Amino acid sequence: MRIDWADGQMPVLRSIRERFAREKPLDGLTVGLCLHITSETGVLVRALKAGGADVVLAASNPYATQHDVAAALRDSADVHAGPPEAWAEDVASVAARAPRIVLDDGADLLSALHAVPQLLEGMLGGTEETTTGLARLRAMNLTVPVFAVNEARAEKALNDRFGTGQSVMDGILRTTNILLAGQTVVVLGYGWTGRGVALAAHGLGATVIVCEVDPLRALEARMEGFAVMPALDAAARGDVFITVTGGQDVLRGEHFAVMKDGAVLANAGHFDVEISLPDLREAAVSVRDVLPLVQQYDLGGRRLNLLAGGRVVNLAAAEGHPAAVMDVSFALQALAAEALARGSFEPGVHQVPDAIEREVAALKLAALGVEIDELTPEQAAYRSLTSPPLGR
Amino acid sequence: MRIDWADGQMPVLRSIRERFAREKPLDGLTVGLCLHITSETGVLVRALKAGGADVVLAASNPYATQHDVAAALRDSADVHAGPPEAWAEDVASVAARAPRIVLDDGADLLSALHAVPQLLEGMLGGTEETTTGLARLRAMNLTVPVFAVNEARAEKALNDRFGTGQSVMDGILRTTNILLAGQTVVVLGYGWTGRGVALAAHGLGATVIVCEVDPLRALEARMEGFAVMPALDAAARGDVFITVTGGQDVLRGEHFAVMKDGAVLANAGHFDVEISLPDLREAAVSVRDVLPLVQQYDLGGRRLNLLAGGRVVNLAAAEGHPAAVMDVSFALQALAAEALARGSFEPGVHQVPDAIEREVAALKLAALGVEIDELTPEQAAYRSLTSPPLGR
Amino acid sequence: MRIDWADGQMPVLRSIRERFAREKPLDGLTVGLCLHITSETGVLVRALKAGGADVVLAASNPYATQHDVAAALRDSADVHAGPPEAWAEDVASVAARAPRIVLDDGADLLSALHAVPQLLEGMLGGTEETTTGLARLRAMNLTVPVFAVNEARAEKALNDRFGTGQSVMDGILRTTNILLAGQTVVVLGYGWTGRGVALAAHGLGATVIVCEVDPLRALEARMEGFAVMPALDAAARGDVFITVTGGQDVLRGEHFAVMKDGAVLANAGHFDVEISLPDLREAAVSVRDVLPLVQQYDLGGRRLNLLAGGRVVNLAAAEGHPAAVMDVSFALQALAAEALARGSFEPGVHQVPDAIEREVAALKLAALGVEIDELTPEQAAYRSLTSPPLGR
Amino acid sequence: MRIDWADGQMPVLRSIRERFAREKPLDGLTVGLCLHITSETGVLVRALKAGGADVVLAASNPYATQHDVAAALRDSADVHAGPPEAWAEDVASVAARAPRIVLDDGADLLSALHAVPQLLEGMLGGTEETTTGLARLRAMNLTVPVFAVNEARAEKALNDRFGTGQSVMDGILRTTNILLAGQTVVVLGYGWTGRGVALAAHGLGATVIVCEVDPLRALEARMEGFAVMPALDAAARGDVFITVTGGQDVLRGEHFAVMKDGAVLANAGHFDVEISLPDLREAAVSVRDVLPLVQQYDLGGRRLNLLAGGRVVNLAAAEGHPAAVMDVSFALQALAAEALARGSFEPGVHQVPDAIEREVAALKLAALGVEIDELTPEQAAYRSLTSPPLGR
C-alpha cells in the first residue's frame, strides 16, 4: 500500500516504467542497487523490472530500511536487507552477483566492486547519488563510467531547493510547533539547499539572515533580499539556526556563548558535525529532553534547543524528501541506466547528459499538465547562428 | 514540562503575568474559563492566578483536552475536566461558581450563565474567542459586556493569517508529505485565514488559485497576484483543495466530478461541512484508508484523497495553533479581563479596545526585540490637525 | 488623444458610462468638479455627461492642469481653468453655478459653497478624495452628505497599496536610475501607502526597513517580514529613504547627521514637510543640482541626494497614479454621485456604501476577465446563521 | 558632472581604481576600447588610466554616444567618436594604435585587428561583453585569449537578473504608465534575463505567464511559481508581452490574431526581430503614434500597442542598465585586463577566472557594507576532504 501511494506521487518514473515495459532496454541485465530501502525505491525497482532488469538490492543505510517495503520487494527482486550488523555482508552479496549496472548512494557498492577486479569485467557503469560518494569515486582509480546524478541541474534546482527546503521546515515544525512568522531564521550556507531553506523560511514569514564564506554566494544572497553577516553577529540575533554548509563546526562555542534564550538549533547538512556537540556539551550546565527530538541545553540561564541531536533534521524529524523529489532523482537514475545499457562511455565520473535532463524535465512537465512550444524551423536556424547551445 | 515549553513560547503573556503579579488587578475575583485545556491554556491560568484571580475551568471541547495538563492545573485551579459524556455537567459546575468574569470559546459558558439569571448578578463581563460563539451571543439578549477577541485586529492580521496559514500547511505535509512546489493549490475563501493559507502555500512554492464569492475580496486576491476563478473551473485544475469559507458544501458533487486523479481535499474552516461528505460518498465506488488520516475515495478510476475526514486539518492532523499565536489571543483575553475588572462597560458585544490592542502589540514587539519611535510633541500636535486617529 | 489613451486604461468607468448612457441617473443635474484636470478626469467627465449631468469644472491644483485636456473638455463641459493666480476665482465660478452634486479634492469647492448658504439649498451632497479634505470637512459644520472616497476599502487596499507603491518606485528610478536590488530602502510610515511602497521596493529586490510609531502597524510590518527599528538606527543603514507618514519632520537633523554618503531622500506623503528642509539646509556646506530633480546637499564629505525638493515624488518625478488607479477612484465617485441623485442621506461624512464598493470591485473583475461564484441559496441561508456580514 | 554621478554609483570600480593607482598593473600598455561611450564608460576609463594605461576609445554603437562624455574624456584618452557614418573609420583608428589589450562589445575591434595580422603581434588579449560578439569570436580563428565577460556568473546572476529586470519595467512604466498589479504579463524566454523580468513584474504585482521552449527552463519557471504555457495560449490571456529569447519571430501573426484589445508589446531581447514587425504591419488596418514611443496598431477593433518600435525597451525607453550594474561588468573587465597584463593565456575564448569573480563579489559586498566569515583552518581542511571546490 505504501509503495502504491508513492507510485501515485511519482508520475515521471511511472511514465518511464511504461516505456521501459514496451522497449525493454535493460533486458537480461543484472542491475545492482545500494540505496535507502523505502517505498520510493520500491517504485524505482518496479521501473527497472519493467525494463527487463534482474534487480539485486542492498540498503545504503540499514538503519533507514523500511522493512515492510523490503519484504514486499522480495517477490520481484533479490533483496539483501539484514540487520545493521550484517550490512557489509549484504553489500558484498550484491557485488557478488557481478551487476552490469550499479545505482549507488555513498559509493559503497562501487567500492566493493572495485576491490574485486573480476567483478568489474562486464560492467557497463553506474550512477552515484551523493556528494560524499562522488568525492570517494573521484579519489579512486575508477575503471567504469559513473553518472553524477546529484550534480544534475534538475536535481540541484528542483530537489535541493524545493524538496529540502520544504522538508527542513516540516522537521522544525513537527518537533517544535513554533510560529515562523516574526522569527529570525539564520541559514548557514547558501548552496542550492541553503537557498531552498532560506526561501521556505521566508515563504512562511520568517526574517532570514544568511551566513556564507563564499563572496559570490554571499552576494547572491544579498541581492536576493536576505541580510548577510558573519555567523557571530547572526548568533546574537537568531531565533532558529539551520546549518547547511557541508562543513564542520559551523556553530560552535563562540556562537553558543551569545545566542538568545530559547534559540533552536537544527542541522540540514549531510553529517551531524555542523553543530559542534562537544562545544555544546561543554558549555551546558545541564541537558534534558523537553519534547520528543528536542534536547534543551541549559547554559546557565540561557537555554538552547537542539533538534534531533544535530542529525539531518528533515530525515530525523520529518519524512525526508517527498516522493515527488525522489521521482526526479530516480528518473535520472533509470534513464542513466538505460543510457549505459544502450551506449558506451569512458571510465570516470560524468555529468548526466543534457538529453536525459531534458527528457526528465519534459516528463515532469507532462505530469504537471504543462505544455510548451517548440522552435519553428526558422527559429532553430536563427538560434544556431546567434546563440550558445541551450543551457545556463 | 509541556506547560513550561509553552511558557517559553508565550513571552507576551509572561510579561503580563509579571505585571499582574505586582498589580493584582483580579484580586479576589472568580474567573471562569471554558477553553480548550491545553498547555497554552495552562500558561493563561498562571497569568490569571498571578493577577489574584480564583480560576475555575472547564473544557470547551472535551475531546481536545490534554489530560496531563488538566491534572497539572488541579493544584492551582478548580478544574472540571471529566469524560466527554460529563461535559455539560462540567460547564454547569463552572457556572455554579458564579464567576465574575468569563473567558469563553463557543459561548457555552455564557449561555449556561444566562439561563440562570441570579448567577449573572455580580458579573462584570466576559470574552469570546470564536465567530460562532459571537453569532450566538449577538442573537441572545446579552445582559453583560463581552469582548469579541477574535475580531481584534491583532488576532485577524497575525493569528488567522500566520498561525493558521502555517499550521494548515503543516497538517497537509504531515499527512501526505507531498511536495508543494509545482502543485496547484486551490484556496476556497479569502478571508483573513484564507489569505494566510494562500500566502503559506505560495511561500512553499505552490501555484495558488483563489475562489471567493465576495467581489471585493476576489479583487484583492487578484491584485495580490493570485489567479481567481469559479470553483468549478478551479476543480479541474487543482492538485490540493483547501476550504476556508465558514460556509457549507463548498466542494460538492459537481466539483468532485471534474477533479484530477490524486487530488487532495482538506478543510480549514470551522466545521466539517465545507467539503460535502454525503456527495463524496455517493460519488465513490469504494473508500479505503491509504495513510493515517488519509481516506481515498475511488470515483471509478479517479481517486480523491480526503484528509482528516474533512475536519479542521490543522487541528486534526497537526498541533493547531503554535503557542506564539495563542500568546496573542490569550494576552488579549487577560487584558480584557483586567479591563472588565477595572472599568465598567455597557451590556453587549464590544470590540477589544484599541489601547489593549496596542499594549499587546507593544509587548509582542518587545518580545521580538524590536524598538520603535514615538512621535515628538511637535509631530503629535501636527498629526492631530491633519489626520484621522491611528488605525486602519 | 490622451483622453482616449486614458479611456482605454479605465474599463470600470467605461462600463459605468455605458450604463449611465442607458439609465441617465444624473439627468438634468449640475455636477461641480474640483479635481486635477488630467486626461483621467476627462474620462470621468465623459461618464457624468453620459449620465445626463451638466458638468462644471475647476482645477483642484492649477499647477497640475494639463491644458490640452482642459481645452479638449471645453466642448462638453463648463471649464474654469485659468492661470494659477485666477484659481480662487475659478472655484468661485463653479460654486456660483450652485451644483447639486460636488466631486471635491481638498474640500475647496465644498468650503466655498458652505460660505454662501443659499448655494447649498438644492444640494444633494458630494464626495471628497483626500485625507486632508476630510479633516477639513469633519471640522466644519457640514450641512450636506459627503462620501469619504479615500476611506473606501477598494481605494486603500488597491490604489494606495499598488498605485502609489509602483509610482513611487517609478519616480525614484526616473530621477536616479539606481539599482534597487541590494540597496537598503527605509520606509517611514506603514499605513496603506507605506505598505505599498515597502512591497514594491521589496518586489524590485531591495532590503526594506520599516519605521513606524504605531505598535500594531509596526508589528504587522515585522510579521510581514520587514525589519523594524527606530528611525535613528535606520538612518545609519539606509541607501534610500521614503517618508510616507502624513506627519512632519520625520527625517530631520539628527537623522541626516548619521546617514551614509550618497543616501537618497524622497517623500511620498501628502505634504513636503516630512523631510525637514530647514534642517537639511542648515547641515549643508553646499547644495547643487546634480541631475534633473536631484539636489545634492554636501554635509562636509557626506552627500545626501534630495529628490524633487521633498515634494511628493510620484507626482513630481513620475506621472502620478496610473489611469487604472484613477479608474477605481473615479468609479467610486461616479457611483457615489448616482447614489446621491437616487437616494437621500443625512448631512455629514459617510463611508462609501458597501454596495458601491462591491459594484466597483465586480466591474473591475469583469474588466480583468475574472469570473467568480455566487452562493447557492442553501449556502446563503447557512451563512446568515453562522457568520457576520461579508466584509473584513 | 554626469561622470561624477556615475562614479558615485560605481564603488567597485572606484575601489579597483584606487588599487590600480598604487600598483600600476597596466603601466605603459595601450588599451583599446570599443564600448558604448557613456558616463559609466568614463568611470572605466578613469580606472584604466589610474592603472597606467594609455587609453584609446571608439564607440561600439555610435548612435548611443553621449557626446558630452566623449568631449570630457578627450583630456585623458584618445577618443574617436565621429558621426555614425565615420564609425568604421573610428574603429580602424583604434585598431591602428595596435592596442596590447582590447575591451570589446560586439567583437568589431577584435575583428578589425584580426584582419591585419601585424597589429596582433604584441597583443596580450581582450574581453568581450556580448553574446553576439562571442558567437562571432568563436566562429573566428582567434589568435589571442579573450575573456567572456557576459558569461561570468556575477554578470548573469546579478546584472541580467536584477539590472535588466528593473530597467525593462522602468521602460514599460515610462512609456505607458500602466498599473502592473492585476495585469497579466507574459514573459517569452526564461534565461537569466527572462527570470529577471518575470521577478520584477511579479514584484510589482503582476500575474506572470512564462513561455519557453527548453523543458528544463520551463520546469524551473513552473517550480518557481509561474504559469507556463505555449505562446498561443498565453497570447489570448496577456495584457503585456515581453520577448526576451534571443530568437526571432517569437510573437507573430498567429499570436497577434488572438490578443486582447489594448495589449502592450515590448522587446527586451538583443535585436528587434523578436516581435515580427512585418506580421504586425500586415495585420493592421492602421497605425498611429498614441504616446511617445507607443505605436498603436489597429487590427480592426483590437488595438495592439508596440513600444519603442520593437527595439530593446530598457535602452530605447529608459536609461539602460543602472550604473551599479555596469559597475560589476566593468570591474570584471578591468580585472580581466589586469590578468592579461600580469599572466599568460592560451588563444581562444576563456571563462572569467573564478578568482576575479570572487574579487568583484568581495568588493561589491564591501561596498554594500556586508561582512562575511572565512573558513577556519580546520574547516578548510575538512572541506577539502569532502566537497567539490566552491562554486555552483
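Letters A, B, C and D mark the chains in the order given here, with residues in each chain numbered from 1 onward.
Definition applied: contacts are C-beta pairs under 8 Å (C-beta built on N, C-alpha and C of every residue); 3 or more make two chains touch, one makes a residue touch a chain.
By chain, UniProt protein names: A, B, C, D = Adenosylhomocysteinase.
In this text, all values refer to a predicted model and were calculated from it rather than measured experimentally.
Novice: Could you work out which pair in C-D, A-B or B-D copies the interface of A-C, where over half of the contact pairs coincide by residue number?
Specialist: B-D
Novice: Report back the single chain whose CA centre is most distant from the CA centre of chain D (Adenosylhomocysteinase).
Specialist: B
Novice: Answer with same or different: of all residue numbers used at the interface between chain B (Adenosylhomocysteinase) and chain C (Adenosylhomocysteinase), are over half used by both copies?
Specialist: same
Novice: Go through A-D and B-D and name the pair with more C-beta contacts between its chains.
Specialist: A-D
Novice: Starting from the mean Cα coordinates of chain A (Adenosylhomocysteinase) and chain D (Adenosylhomocysteinase), work out the distance between those two points in Å.
Specialist: Chain centres of chain A (Adenosylhomocysteinase) and chain D (Adenosylhomocysteinase), defined by C-alpha means, are spaced 36 Å apart.
Novice: Between chain B (Adenosylhomocysteinase) and chain D (Adenosylhomocysteinase), what's the gap in Å when you average each chain's C-alpha atoms?
Specialist: So the centroids are 51 Å from each other.
Novice: Give the residues of chain B (Adenosylhomocysteinase) that touch two or more other chains, as numbers and ranges in rising order.
Specialist: 158, 162, 181-182, 202, 205, 222-223, 364, 368
Novice: Which of the residues in chain D (Adenosylhomocysteinase) come into contact with chain A (Adenosylhomocysteinase) in the complex?
Specialist: These residues of chain D (Adenosylhomocysteinase) touch chain A (Adenosylhomocysteinase): 131-132, 134-135, 153-154, 156-158, 161-162, 191-192, 211-220, 222-223, 228-233, 246-250, 273, 357-358, 361-362, 364-365, 368, 370-376, 378-379, 382-383, 385-388, 390, 392.
Novice: Can you list the chain C (Adenosylhomocysteinase) residues touching chain D (Adenosylhomocysteinase) in their complex?
Specialist: Listed in rising order, the residues are 1-2, 4-5, 8-9, 158, 162-163, 165-166, 169-170, 173-174, 177-182, 199-200, 202-205, 262, 290-291, 303, 318-319, 322-325, 364, 368.
Novice: Which bits of chain D (Adenosylhomocysteinase) are touching chain B (Adenosylhomocysteinase) when the two form their complex?
Specialist: Spelled out, the residues of chain D (Adenosylhomocysteinase) in touch with chain B (Adenosylhomocysteinase) are 181-182, 202, 205-207, 222-227.
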